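Here the chain labels run A, B, C and D in written order, and each chain numbers its own residues starting at 1.
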Amino acid sequence: MIIICETKATETQIKSIQKVIEDSGLKVHRSDGAEHTVLGVVGDRSRLDIGAFSLMPGVRNVVPVSSPFKLASREFHPEDTTVPVGDTVVVGGPEVIVMAGPCAVEGREMIEASASLAAHCGARVLRGGAFKPRSSPYSYQGLGVEGLKMLRAAADGNGLAVVSEVMTIEQIDIVGQYADLLQVGARNMQNYPLLTALGKAGKPVLLKRGISATIQEWLMSAEYILSSGNPDVILCERGIRTFETATRNTLDLSAVPVIKSLSHLPIIVDPSHGVGNRRFVVPMARAAVAAGADGILVEIHPDPEKALSDGPQSLTFEEFEGLMNRCRIIGTTIGRRLGKGR
Amino acid sequence: MIIICETKATETQIKSIQKVIEDSGLKVHRSDGAEHTVLGVVGDRSRLDIGAFSLMPGVRNVVPVSSPFKLASREFHPEDTTVPVGDTVVVGGPEVIVMAGPCAVEGREMIEASASLAAHCGARVLRGGAFKPRSSPYSYQGLGVEGLKMLRAAADGNGLAVVSEVMTIEQIDIVGQYADLLQVGARNMQNYPLLTALGKAGKPVLLKRGISATIQEWLMSAEYILSSGNPDVILCERGIRTFETATRNTLDLSAVPVIKSLSHLPIIVDPSHGVGNRRFVVPMARAAVAAGADGILVEIHPDPEKALSDGPQSLTFEEFEGLMNRCRIIGTTIGRRLGKGR
Amino acid sequence: MIIICETKATETQIKSIQKVIEDSGLKVHRSDGAEHTVLGVVGDRSRLDIGAFSLMPGVRNVVPVSSPFKLASREFHPEDTTVPVGDTVVVGGPEVIVMAGPCAVEGREMIEASASLAAHCGARVLRGGAFKPRSSPYSYQGLGVEGLKMLRAAADGNGLAVVSEVMTIEQIDIVGQYADLLQVGARNMQNYPLLTALGKAGKPVLLKRGISATIQEWLMSAEYILSSGNPDVILCERGIRTFETATRNTLDLSAVPVIKSLSHLPIIVDPSHGVGNRRFVVPMARAAVAAGADGILVEIHPDPEKALSDGPQSLTFEEFEGLMNRCRIIGTTIGRRLGKGR
Amino acid sequence: MIIICETKATETQIKSIQKVIEDSGLKVHRSDGAEHTVLGVVGDRSRLDIGAFSLMPGVRNVVPVSSPFKLASREFHPEDTTVPVGDTVVVGGPEVIVMAGPCAVEGREMIEASASLAAHCGARVLRGGAFKPRSSPYSYQGLGVEGLKMLRAAADGNGLAVVSEVMTIEQIDIVGQYADLLQVGARNMQNYPLLTALGKAGKPVLLKRGISATIQEWLMSAEYILSSGNPDVILCERGIRTFETATRNTLDLSAVPVIKSLSHLPIIVDPSHGVGNRRFVVPMARAAVAAGADGILVEIHPDPEKALSDGPQSLTFEEFEGLMNRCRIIGTTIGRRLGKGR
């Protein structure tokens, strides 16, 4: 921690700041500049609170030196982490993992058709919501356990792994019986009791970025899971809230290289929720692969006719197949490959 | 719901949109304008999904007519709602209710000093966190039940009601034994299982606005609590996330008159967390009362010396007393009064 | 400037950073911490570019120490600045200056009625646009010089000063012939050639905050005017762009105390453009005075009937008079007074 | 325009709204729904102001039907527009046009080295600032006309076209003598007098998106240029301001498909200013091509050693060459090609 004093800080004020630091058992390194005196704190930063100093008389501002997350940082763990999902899928390795499926599991037939289509085109993980977070209490809330069973059966029949969302601590066990990867939705990114419980879940976690979470806050949420004992965290960019209303959210693709620079954790991109319009999902999915994402999570719909009204952001069969073929070539330019279809 | 068709929508496309609506058992009202055909849907909107139509061929855009919340809306309930907190406090009536206390309960002595100071100056509710949500897993997480007991005792000794935060469904019963008002923090504003459970809690709820929640989303979260059976919801503006970094968040005081126009629920303001700096808390608290807030929630610190380092946004005794005296006069200009000190 | 090195920075890297600094004729102060080496640069910061260092091998991040503005900073000029507007008005002194008038000057009769109403209620400055910036090329662009003449005559007849907007360098002379205070609109806050020209205008400048300008950028724009020779700058908060759509912009009232802490320049608030709805203007204007603003800029409309359709954010006579009476009392709580009506 | 009335609007209120519309010579189409009466206005919308109605008694909200821009809209002009730049370059056709060069022209040698490198790798346009907009009045402001001459000579010697920025109306002629494409910077996107003057400039215009401009506002600024007589407008996405601070701005790549859907104008992407860090420029440039951009604008630096300190976001020779080779392959997946190097 570095404390920059005001130009007009008195010697008494500076001494009194030094005393507070030394009373905490830490050393101070003082440097008197032309305009400002700067105090460097040497030792374990975590014993002191930054806010604590920012309003002391004579203090201009306080700058943290260490990052607030450790286990999630690339400094701590320089090599890329790979996360196994189910028996055959590895996220963070040379393969760009495609996770595809409907927004919600609505019935046996539609989820089986989705799984078959996903596997045919080269996806490796089947997605589908069974417990749905809805901003209105009057909206459809999902099929629950029945939906999970259908999802598992459809995935097994097509050689796919399963990802599904958990909204509460109680759901961890239930969803964990059927899914290989437990998804934390954007609205729960800072639900700390849930993150802590997922640290002991024994399954990998897909942590979506909160709609207004900074990249640092996102990594601190990952830290909750990692520090509770679970090393298998995959990050998922899904769009942030900005002033722009032409798209549902603003997909922040630069999060991909930024995360790669700050952290060793794999990161995938969900363009479907970010842009909310099928016409924009395809180019943004291509862009995600070009930006270096370790995977993409896309909504597909088995029935092209109904897709028009059912899921504005769900891709039809032709759109998804075309996308996969293009992404396969884009991946080769940066040494990545995509799964082959069945 | 109103559907505006594209200039070049064909008659076949328009007919096919009409058919989807009529197949849902609703009526369509068609109007052919100079440039656009407009379809009005007559009947129960909730049977149709807006997104469902937005990508149909020939559709330009879809406009909802009804608001997505009902019980929280002023259209549904024209009179102001008043919410009783404990035996003697009423939020939403002529008195501007001041809730004051430390950020976290740290020990018996400090919470009793805070309670005494709060009561002396005219506050009516004692605040203090026992379970704290922290963005870092390495930060202090609160005293738990012991903290709640201290909070209750300090409040009782000074004729105050108690507000404290619940972070999980399990904590509702525990916190409810000691607090008169259950606070939902900004990070949990869209924790729907928690909101639903609070609908059956039998205690009033203080619902903080999410850091990036629109006013509409906030009211939809209130709707979760109301529609689960609890009519006693108080809203609390505490700052939203913007690009500005000079303050911790941007306190959106215009939320006060906007909520008053859209909803019948009372709204209070927490300037301490919004601006994060004691020097800015005092003017913003005055401004909140001038804007018509039904109450303010402020952090105070019993020890002026330690307040400098302990809580950058906590007011000292002199600051709090001066603030209360000024707010008392400001309130009179709009027909409001503040509590008298003991 | 302080350079924080990476944990794994090599001695060669650190030495090479030091060399670049020393080659610029500056001194380096080195401090080896437990995790990071920190280099403090002693001397004139402006010779070095921060971005220049941020990507050198071994650098973790670079922290500026001095603020990027000087003449606008309170460190440089500790006392409050007062700005004279016309012969009788002073902004930044004990009087809260109210500037009122219609959005645009539309004709002689309406501007005279507005001036009379403004003066009657205690406003001191008459506002009214003659050159209007419009986001659509098809919208009304203002009356130009004819409008300015009407504005001046109406103000003179009622003992008011005049504020009006300049959009180009050429307009400075024209508007300056009729107005006492030259307004720079939000869209021109970073029009540097215009700001530089206003530095030589010989008239005070009202600098509106850009819709997405940080407070630091706003003060740097003020610095352009100040450093070009004009010490008379008044800042005007008018709302920033956020994700919230319930109001046109989000009025950032905390900018008032923040500016007071960082700068000596006076700051006024324009609630009319910030919220865009008459129902919300009145409470936000009261709040602005309570927050400590040196003035308010409000739109009023002389014809209550037409105000309904002409200017959604314009106050009617009754609303304006009621507002002034309330603000007069609110001002007394912080030692401010408002002008008496004629 | 569609006016949705309040649930409790009286018949008198509705009639009075209808009268205002009819008095403007327009027709009203009335539809009485279960909860709301809806009034559709038939005729030329531009005669009425939306704000005008939003506060009339009985009005719930007002929805525009037509888009506020015409000449820039795809409805008006369904085919893609191609814009010629200089004698040999066409933006918006099958070739993805790469514009490269230094941030500012600093001297003859560096701009010639940059031009040679750009042409060698397949860029078609040389960029370089001669007049620089700087947020601090104390920063370097550019070489002016001397810089333009160097830029032109370097481009001519390497078969490149030239793009450079204009900041004022006066600079249009000067810059136009040397550049083939006139750039409007983000800070001037709503400088309407400048846009209008560029409508008569006789040269194509590169219109950068304002840092907080919505896509609709951006297209309305293009409309200013188009409606003043200049059909040759190229849009340039360069990052928007959000809450995220890990990158300088948030590059909104979804603007590419959104613009393609709303407008016929070509759109290019500037990843260098959006992310502000060389390490992130390369992946985002690849992503821009994958998303369907008609070109990219990148900063390159001829001296890899100095690039480390001179331009944090400037690519070195190796980085630029590698990027071009990858983009060439990515382009093929969507039927686009890149220029061949010389």
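Keep in mind that, in the parts below, contacts are C-beta pairs under 8 Å (C-beta built on N, C-alpha and C of every residue); 3 or more make two chains touch, one makes a residue touch a chain.
Since this is a predicted model, take the numbers as computed values, not measurements.
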Selected interface, A-C versus A-D, where C-beta contact pairs are more numerous: A-D
Centroid-based (C-alpha) most distant chain relative to subunit C: A
Centre distance in Å when subunit A and subunit D are each reduced to the mean of their C-alpha atoms: 30
Centre-of-Cα separation between subunit B and subunit A, whole angstrom: 27
Chain centre separation (subunit A, subunit C; CA means) in Å: 39
Touching two or more other chains - residues of subunit A: 212, 241-243, 245, 279
Touching residues (chain side subunit A, partner subunit D) in the complex: 212, 214-216, 240, 242-247, 250-258, 261-262, 274-275, 279-280, 283-284, 286-292, 325-326, 329-330, 332-334
Touching residues on subunit B, where the partner in the complex is subunit D: 2, 4, 6-8, 29, 31, 33-36, 38, 40, 42-44, 63, 65-66, 75, 212, 241-243, 245
In the complex with subunit D, residue positions of subunit C that touch it: 20, 46, 49, 51-57, 68-69, 133-138, 167-169, 187-188, 190-193, 196, 211-212, 217, 220-221, 223-224, 227-228, 241, 276-279, 308-312
